[in-house]
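Shared chain: subunit A. Partners: subunit B in the first complex, subunit C in the second.
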Partner chain A sequence: MATKKKYGFVIDIARCIDCRACLVACSVENSVPMTDTRIWVYTPEIQGEFPDLTRTFIPYNCMHCENPPCVDVCVSRATYKDQENGLVLVDQEACIGCGYCVEACPYDARYLDKERGVVDKCNGCIQRVEVGLQPACVATCLGGSRMFGDLNDPDSEVSQALKNASTVMRLDFEDGKVDTDPNIYYINYAGATDPLVLPDKTLPRPPEYTLSQAGWKKVAVPLMAAAVGGAFLVQAVYFTKQLVQGESEFEE
Partner chain B sequence: MKQNVISRRDFIRLGGLGVGAAAASRMFPPRLARAAYGGKVPLTDDGYIHTLCEMCVWRCGVRAKVVDDRVVKLDGNPDHPHSRGKLCARGQSGLMHAYDPDRVLSPMIRAGKRGEGLFRQVSWEEALDFTAQKMLDIKSRYGPEAMVFSSTHSLSQVQFENLLNGFGSPNYGTQRSLCFNAMVTAFLLTYGVEEPSRNYDDVQYVLLTGRNMMEAISTSETSQLVEAISRGAKLVSLDPRFTKTAAKSTEWIPIRPGTDAAFLLGMIHVIVTNQIGDCDFVKQYVVGCEDLPAAMEEYTPQWAEGITGVPAATIERIAREFAAAGKHALAHPGWRTSNFINSFQTERAIATLDAVTGAVVRQGGCLAAESPEASGITLGKPPQPPYPRISAMRLDGVPWKYPLVPLKLGVFQEMRDAILSGEPYQAHGWFISRQNPVLSLPDRQRTLEAFGKMDFIVTVDAIINDTAWFSDVILPESTYLERFDPLSVVEGKIFLRQPVIEPQGESRSALMIYKELGNRLGLADYFQYEDEVDYIEQQLAPLGLDFESLRYKGYLVPAVEKPETEEIVFNTPTGKIEIYSATLEKAGFSPWPHWEEPPLPKPDTFYLLTGKVGQHTQMGTQNNQLLHKYEDQPRLWMSPAAATARGLVDGDWVEAASEIGKVQVQVLVTKAIRDDCVYLTPGYGHLSKGLTTAFANGVSDSVLHVTYTDPISGGQALSQTFVTVKKA
Partner chain C sequence: MSRYKSIPLEERRRLREKKYKKHNLANILTHWFNVACWLMLFPTGIAILSSPALGLSPLWLQELFRNIFGGSANLIRFHYTVGLIWIFVLTFNILIGFRRYFVPFASHRMLLDKDDIKWLKIKPLQMLGFMKDKELPPQDAYNAGQKAYMYVVILGTIGIMLSGIVMTFKTVFPPILKQVAQPIHWMSVFAIVAGLMIHVYMGAVFPEEKEAFFSMFSGKVSAWYARAHHEKWYIEKLKEEARWEDEVEAQVAEASTVPASQPTGD
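So, the complex of A and B:
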């Protein structure tokens, strides 16, 4: 029986040079409005004291979570997790632009395209992947930091990179009931034990839902109440080579 | 009497509400092609056209995706050695250059005062007739040397040079003295090549002297360096700033600006006095081998510590590590090396380091002193007569004032100053092609004054950069995605730049602009090609290659027999590596790499550092909306200690002043810079209101830069300007 695909990203932190080729490539490939972006390279503050400084660049986009909070809150069922490939996608014909998913995403990975009145986000460049190309950001990554592929395939580049990594880390969001179980794996990130602390925010953040429009209050969104104000926990996972090979999490 | 009546409608005031907005609605796709999930745009090989990038001079191979006659995506060509399937941010943004709403769509002739932005749209006939008539007027009144020509290097440079040489002017301005004169001159004198090529396959130890590879990006080389680091190669960076390269380095040494040469001489001292280099190689291939230890005797690590501020033990350790890596160690030659008047000595020291460890030429070594022309491929070219004899002196002082500067490099800043002084003669006209001296030359005020001395200025460019803004005629060139250029040979392959979309407006290729102008100047014999394709076919003819098959993949690999040579001969007077250079000695300079102390900042002033960012190319891309989207706001970097001492906090507006100018800019307080330095990203602060995105964004360091020229290489010393900073 053929195993279903589980597309995900592996990002080698040591290789990112913050050149931003990925950002421009994504904007062009996906016609992203000039005021929005689907992917980021986060640059936390420089650490240490002169001249013993360190600096990390963290490429970032939709985590294509196993349990995506955005899907749970979508009132029009436009946002869904593709059962064939594991990507979290938006059916823009069905999207009504309410923006709940934007608030629900603990990673701030979604935006409301004001011009079209729909929500948009990283789609794993599925239009490229389906014809055998890498996503635009991955294909042009100068340092080879971004990798993309089938995490269920033990021979894929991403699985191999995970197997050979010195450290593996995810920005998992857990509050007891919710565990996003994200599909971006950061590897070779020596200093990561904390949430991603950025000059203007910390990620992941607790999901927020603003019920400003009265009409929407009637819509039953089971997860919503539970998630409001939920505590979050960053799961920084360090695996040895043996652990990775032994963990069922990667094989599912 | 014939009266030339021009109605108001014929005028275009740039920078007003008119042209940018109108152009935007007409030609700029606010949303590029849709490519959402659902497979609306099936990607197949059929939809790609192969061409060459021109967002910088590295010239990567590009696969351009075209849908409905629009270019919608650019990918790196895996078959091109410079892209290897990748493009940097600038390369990725290239289609936004073609679709820039500020593109010049037709030739224009100035209708108001210079710098007022009032232009008249004219036909090509009128623009070229007018330009040719002005140039011929100047030639007949003052001689051909009164026309100066300047251009930043491109694939059509050979025809630009035909224009200036055929016209009979010796005055050739390039960007080179603002960029790599020190590197090229030093390596020509030492190895006999302009720029040795680097090999990262087996590199174990890389020393970067101010070479900010992660931000001053050359796609393949940057990728190869990251690859080498990931393999475990050690990377040592000398830089007063904690750049992104420094962040990726095994060791960052925040050396005092201008003292790199002292650090390197200290390393050479350790290697040669302890005989830990590749002695066999040195004995066989190096001139001055016996006397080198004596010549380096004074440059002890302790001496270097006093100059550089780097502990002697560190210098000694790095020297020993470097030597231990032998031919697997690479001291990178650098690229823009126009930093201090001693930058030539820094480059000579780098060349020496690579020689004493045998990195040069040694099988598997990291540097090849082989010239790129050694590929064995000889392209054809259209026939042309010899150039007229030119007897006039060059305004830039080459060679009468700068005897060792190669003619093709020149000393651009000196040419500007000669235009101002009128010595040794007065220039009257300036032909500028895709170059922006108003922003690139030091001392913008003086450059604008030099413009004021000109009877006539014509600029060829795709957008109205600052130089076009102050010109009398603007000739719109098509962008690299819209035109053919002469062929490019890289590593045994012949690559083609070809149009992937129709030219916007009436823009034309440089090949045809030069030809049409040449015909009007009586220089038709230097432009013997019908059109661009004819030019390329004449290039291919001797190789028996077919143009159409070249178009398909964008490149061909000709069968050439490359002569195998056992013997290594360097293209220097002695045929060896000239660490000791008799040529330098004859010209009155030190024959050995040696230490020259650059000027020190006065108390309470900072070194003003410059250096690239990964999202822009020099002064030319700041109007690109996609790059603007992802650029950092250009601010003045300052250390926390220096800021505190001046009562400044991050984001404060400050006034930075040098002896020649001042700017107001927001300060970025960062640990990433020495206390005695500030840094300003170059290329910002455009004056042209014809650039909707770039106009008035940030400030230009050319306002502050004082003109200092290295007497050996002719390089401008861009980091030798000192500034005071106070709250604005």
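So, the complex of A and C:
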């Protein structure tokens, strides 16, 4: 899916101090209910032996994947990959809140808003970006860890940061079974592996397909195709026969 | 139709001209209301069902309908609205005509009897070209195939309505119900559509059943058609007619014995 622009995040891991101001800014900007959040900071266990300890913080939100599993499962096309800016967005008026996408997302970046009965997630603060502002989380980041911009544009801040980075990683799948091609790049992490492997391997997880989707699909779709196709064939045979034979007013 | 070969020409003429009422106005109106709603709901529903993981609807159709209605949300809103009207009117019709139309219809025209089972065994084989010489058992107002399809339609309609309501009122129902409602919704639809192909062809195009199509407007079929396709029902109609004739004769006889001076008070 080649999109005109390719908005994405570049996160300088060395600069994140786990203050979580981005969570607050995001919730305020997007009216996220108190019980939920669109951004998380993953904090792995402290690594190393005393006194030689290190700790890294990995902020993440929707990866705005190039191959988003959530878009494939959406039945009403409420979730879509925007062809203009490359963000994965939710049309909440078309969403019925069934939660197929919540279970399909390998990053758990979506949540069900029970009040409104719809799915909500990071939208890259597109309402701010369209008027020339940075997303709320980026504008508020104290350490300057978060950056946002067009990854297709070689002169943008994110592209420059990627070019000058000491290491570049993504939260992609290790074995390459699922290729989501995420658009959050983590830079300047000392113990770098690509793809980035979190110590306890919580993320990304393989996309889950619920019974009502995976099971039914395999059985019901061929069954229905056979029934409808068979009925159509029977009807077509008789119709052709009728056309060939012709008809008269006085047949009985 | 070998058993009708001995019927002389005059009798055939009379049978072709004589009409019996098969459908009442309630059935006709409900049928065409249902058709109108299906024509609106089916294409929009297919266009909404866009998951590439399912692969049930072509992309051009999705694009066409999203462009006509201006986006997914409007398309879904249209589908909801017409669907709710459909549910409301059908339920209302059944409730308001429950004693007068629904109960007689369900008890006289829907139940399968022995002849119907036999018909269901023979007819599919005949369509495939076997047992051509075997005579089909006489049928009611609806033949066994129509009756069987009626059950599919009734169960499917209930499935579509319930699952549709679950998906429409998204804040009321829990996500798990909304997940299960989706396959129920489209599986019910396609079960009905599979039969619908035969139903539309047999009803509107197939030459032997030509009268069935016009009877869905006028409510009437000729005696010849009734006798050839729905013999049991035809005999019932004959009995009804005979009863009516007896009644009339009795009335006339009674009226003629009354002295002319007394006023007739009826």
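By our rule, the second predicted complex is superposed on the first by the 194 of 252 C-alpha atoms of A that agree within 3 Å, B and C clash if a C-alpha of one lies under 4 Å from a C-alpha of the other, contacts with A are read in each partner's own complex, and residues count from 1 in each chain.
The rule is short, and it goes like this: a contact is a pair of C-beta atoms (placed from the backbone, for glycine too) under 8 Å apart; a residue touches a chain by one contact, two chains touch by 3 or more.
Note that the structure is predicted; figures quoted are calculated from it, not measured.
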Which superposed partner A:34 touches (first subunit B, second subunit C, both, neither): first
Contacts of A:15 with subunit B and subunit C, given as first, second, both or neither: first
Partner chain in contact with A:83 - subunit B first, subunit C second, else both or neither: neither
First (subunit B), second (subunit C), both or neither touched by A:72: second
Doubly contacted subunit A residues - partners subunit C and subunit B: 115
Contact set on subunit A toward subunit B in their complex: 12, 14-15, 17-21, 23-25, 27-31, 33-34, 37, 46, 48-51, 53-57, 89-90, 92, 115, 123, 126-128, 130-131, 133, 136, 139-144
Sites on subunit A touched by subunit C in the complex: 72-78, 91, 93-100, 112, 115-118, 209-210, 212-213, 216-217, 220-221, 224, 227-228, 230-232, 234-235, 238-239, 242, 247, 251-252
Contacting residues of subunit C [partner subunit A, same complex]: 1, 4, 12, 48-56, 62, 66, 71-73, 75-77, 127, 167, 170-172, 175, 178-183, 186-187, 190-191, 193-198, 201, 205-208, 224, 228
Subunit A partner contacts - residues on subunit B that touch it in the complex: 30-44, 72-76, 85-89, 91-93, 95-96, 214-215, 217, 219, 222-223, 226-227, 229-230, 242, 244-248, 252-254, 614-615, 625-627, 629-630, 639, 670-672, 674
